[in-house]
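Before I ask anything, let me first share the structure, which is written out below as structure tokens.
Note that the chains take the letters A, B, C, D and E in the order they are written out, and that residue 1 is the start of every chain.
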């Protein structure tokens, strides 16, 4: 799963019927890096993407995003065209120093 | 899902029979960036790709694209060789400043 | 789907039985770019890959390639280990100027 | 499958119900490289990601990670939104000199 | 499918039960390039990965690797957590000059 931060929200009126009622957040993947003193820090990498959200993740929260067909498994109806779903809000993370 | 902009259209006469009747648009993924004054802006990233379209997205419109097996879930027949589908036209987007 | 150009052909005698009879072409993904005068042109990006072909695409032709499980949907038997299939030969493409 | 090293651990209280009871480790993909004397060495590449773990991989261990729908096949319930699973702890690796 | 070269082998005692009996090779994806005289040559690109092998590919051999759920289709049991499988050993390749 991707580690990512919520950075925005998109709305779409003209969309596939089966997507009605879903909330779509913009997330920015982050990856682990180390600053000059060797302390762990999370850095942006790659491009932002849109993920459906059923958990109520808020702006700037660190989240876990499942992609591909696995994203659909978390939905009441797993036959809808979704390929990214926020599946957890990270409340604690520890990294190897 | 990818955030992308419609930048073109392709036609293919010699193709898999099951793809007849589908419209194919060329889309350019975009990602969030910030200009010198810290204002959010959408920038191109990665490579353009072809997505099927049933919603009627127009040139330059900002769209949401589902990929992989999830793309097929939005089609009347989910057993056809399509791996990218425009699933929504973005009418509003807000980003964290 | 990927937009790509046919650049070669590979043969494999020792292979999974279920792949017998399939033709394998080497394709090079291309993406849209603009030259100094702002005219659209197609440029190579990323790495070449192998795609199965049932349509009879020829050397240098511009093709549409479906990937992942979607590639298998275009085959008579969708339970064979193929993750890229040429699904159309592009005869015309228009891009936003 | 990805070759990766365990570099951390994340916890998430607010998450999809079906993920309860699973352990989530942060892994850093590594790839083969050669030092000045031509000796094989493993180097970091790409971005870290989160993988579910049922095997009990420990910090810094070299692991094999399956992704996408294949990750779900290793779980008791394959219909949960997981797209990366640690499927083996590498105890020996040999590389071409 | 990926075009890749076999560069090593990994062993894993502590692994998912369903993977017992499978052989795991390390492969390095290669892509087509052209040298100064315009002659086709295969160059390394991206990162090495682990692929299951049932065909008996040997060190340095050029192979075709299927990924994702398609990899599982080549196995006796397609419900095991494998996302890369060597599906052919390339004995001949021709490229556009």
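The criterion applied here is as follows: a residue touches a chain if its C-beta (ideal position, glycine included) is under 8 Å from a C-beta of that chain, and two chains touch if they have at least 3 such contacts.
If you're wondering where the values come from, they're calculated on a predicted model, not measured in any experiment.
The set of chains touching subunit C and also touching subunit E is empty. Centroids built from CA atoms put subunit D at 30 Å from subunit C. Rounded to whole angstrom, the centroid-to-centroid distance between subunit D and subunit E, based on C-alpha atoms, equals 19 Å.
Shared contact sites, meaning residues of subunit B that touch two or more other chains, fall at 68-69, 71-72. Beginning the circuit at subunit D and passing next to subunit E, one meets the chains as D, E, C, B, A, using touch as defined.
Subunit D meets subunit A in the complex at residues 6-16, 18-19, 24, 26, 28, 47-51, 59-60, 68-69, 71-72, 79-84. Residues of subunit E touching subunit C in their complex: 1-3, 29, 31-32, 40, 45-46, 54-56, 64, 66-74, 78, 85, 87-96.
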